[in-house]
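Below, subunit A partners subunit B and then partners subunit C, in two separate complexes.
Right after this comes the complex of A and B.
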């Protein structure tokens, strides 16, 4: 189901932006208040709760032992899954995941995978037979825009929080965590810029997301490299705008990493 | 307001009156007793009793003016969101102009995303709500600013005999339409609209205080002088 935005609201948000203002009084390059809580769940090997304004996302990391992919017998497996439950927004419906859910999971997955932030080769137990499988589960609790940034920030926080469970006689004892951490070597974060008219704004709120023409999500690593990108919406960006967004993303990434 | 003192908070199921009284909204009769059905402030006069809700979604009532958002168009009617649990339906024959639904596409008259000022015409026992644009001032709203407040506070924004809203209109020289469903539309000079928005938000916040009209008036004048 899609929310229908009134023309009046669209015009109001666009005219405010033309005056250099935003509905909630933020600057164009400001995030809403960010709160990151780690280790909120005992049942998960790693977990985090992220709030960006009224958006709330819970991320859990579960570990299991399984077979590796035949073409990569010596590396662990990473699986990312997202869930947009009806509790989070009146426009989310139950049932099989829709395109937004799949896009969210894939964009977060790409940020983690392509940055190489998890050293998957260290997750190999026996080559070609047994490896650790890392499940990253994203649960959206409250939707007020910008799920990408909240989810990727939550995922990396949960991965940093993860402790490997004990293994005894080939069985995993889930209740008992060891002190061994997951081999996380980088901290990729994603920043999303929305375009409304000719204005480009960071961290769109729900209202802004509903009226935006296009959005661009950029994932950057600690070194300031781009590791993933995703563009959405029907609008277009010029070359200069993209280069500008990328350089702003690298700066904002440093700011976001402080919350981890 | 003198009767402010006689108002007290009641909870659902509380006995609020006994015997032969006329019932307003928010109360029901149980044998000889009258009980509150919602949480809110009790208003009791000689032979009349009702409970003013503290909060809640808008419940449509025939004759209410509402500001609706067109969400879907059909071959024969429009679906309108009226900020309620129930969706409303607008038939072309209830539009203020004659429409030949066979000849013209309804989409050309009202499209999804359009805001309209209308009146609740009929509510069926199955809670299908029909609205009409036959009321005075019924129209498609263009431009301006839209505000949503708690529908329970709308009577306070309008004031007794619309004293509050006509005072705001006069002071900020804006055209303001108030829907019983909590939506308010304001159009005028941008800086004056800002003042009106501020005033209405303050009324919503301080709805329980008495002497509000005067303090809002002085606030508007103060704000206007700052410009």
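Right after this comes the complex of A and C.
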């Protein structure tokens, strides 16, 4: 389903931005209030709840033992999945994942995977036979804009929170967590900038997302390098706008990382 | 390290397939290759072979998807099971759903959808043979197919990727570089006003490397643009 937004609201948001203001009083480079809670589930091996403003995303990490990919016999496996459940918004529908859900999961996955933040080789149990499989499941609870940043922040928080369960005689004892953490060696974060008219703003709220022309998500590492990007929306960006967003993302990433 | 990873990607200034870092693979574009489609194009790009067809503007099914003020654009990217080394299971997977979406968003900005309310323009992209860079090949083919179908557009949309292998920024990765390289950056461009409609990236770039790769990809798009125009001239005449 599609959310409908009135022309009046569209004009209002755009003209406010032209005066350098936002609907909720934020500056162009401000996040809404961010709250990160770790360890909110005792069944998951790691978990986190992230709020950015009224957006709420819960992320759970489950671990299983399985076979590695044939071309990487000594590496653990990472899979990221997202669910936009109908509980979270009147526009979300039940059923198989739609393209927005798939895009969200894949962009978050790329940020984690390409940063190399999980040292997958340390997750090998027996080469070519047994490795840890890390399932990152993103559960959106309340959708009020900017799911990319909330989901990726939640995923890293949940990975940092993860403790390996005990293995006895090749069986996983899920009830008995060890104190061993996942080998998380970097903290990549994603920052999303929306373009409305000629203005570029961080962390679009739902209203801003509904009227935006385009968005650009940039994942950055602790070193200040770029590890993933995704443009969204049917609008366009100029070369200069992209380079500007990349610089702003590297700066903002540092701030976002403090919540982990 | 992945199995099969080459030790070096660039030897004496040449890449593993003999190209220079800023050199593109050979690209051939042909417009109007299918009889039944309203517009079509075949793009052979290095080892890639991608065919695109355009149908429409036509009636929308299911009808509730129709928009009262403009045409909708629907894009489907699909890979033939025999297009890759390990047979691809037929039907949409997560990757092709995402590529279909970004393809639509890459093409939509140039189409005058407001001229055909309550209709759909359907684009089908079929990868017959894959060798890295199929989404760029697909967008390049799709925009020629749209033009071949006579859909009013502001401009064509060429696409091209840049990346990083062995620490060096290079244009247009082929499969070994794509599998084992350090970064990939596909870009689609509206050449008329230099606006970027597709931008994805994975891997690892510093800010400086990213800027260099972006500029290289834009240059690649401009070369593809000339070939696209050439293909349309070939089919419809004109100088």
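Methods note: the second predicted complex is superposed on the first by the 260 of 260 C-alpha atoms of A that agree within 3 Å, B and C clash if a C-alpha of one lies under 4 Å from a C-alpha of the other, contacts with A are read in each partner's own complex, and residues count from 1 in each chain.
As a working rule, a residue touches a chain if its C-beta (ideal position, glycine included) is under 8 Å from a C-beta of that chain, and two chains touch if they have at least 3 such contacts.
For clarity, every value in this text was computed on a predicted model and none was experimentally measured.
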Contacts of A:37 with subunit B and subunit C, given as first, second, both or neither: neither
Contacts of A:142 with subunit B and subunit C, given as first, second, both or neither: neither
A:250 touches, of subunit B and subunit C: first, second, both or neither? second
Contacts of A:8 with subunit B and subunit C, given as first, second, both or neither: first
Contacts of A:230 with subunit B and subunit C, given as first, second, both or neither: second
Subunit A residues touched - subunit C or subunit B, whichever exceeds: C
Subunit B and subunit C footprints on subunit A, overlapping residues: none
Subunit B - residues contacting subunit A, complex: 69-71, 81, 112-115, 141-146, 185
Of subunit A, residues touching subunit B in the complex: 4-12
Complex interface listing, subunit C residues touching subunit A: 2-4, 94-95, 97-98, 100-102, 105, 108-109, 185, 190, 194-207, 210-211, 214-215, 218
Residue numbers on subunit A that touch subunit C, as the complex places them: 71-73, 99, 102-103, 105-106, 110, 113-116, 216, 221, 224-239, 242-243, 246-247, 250
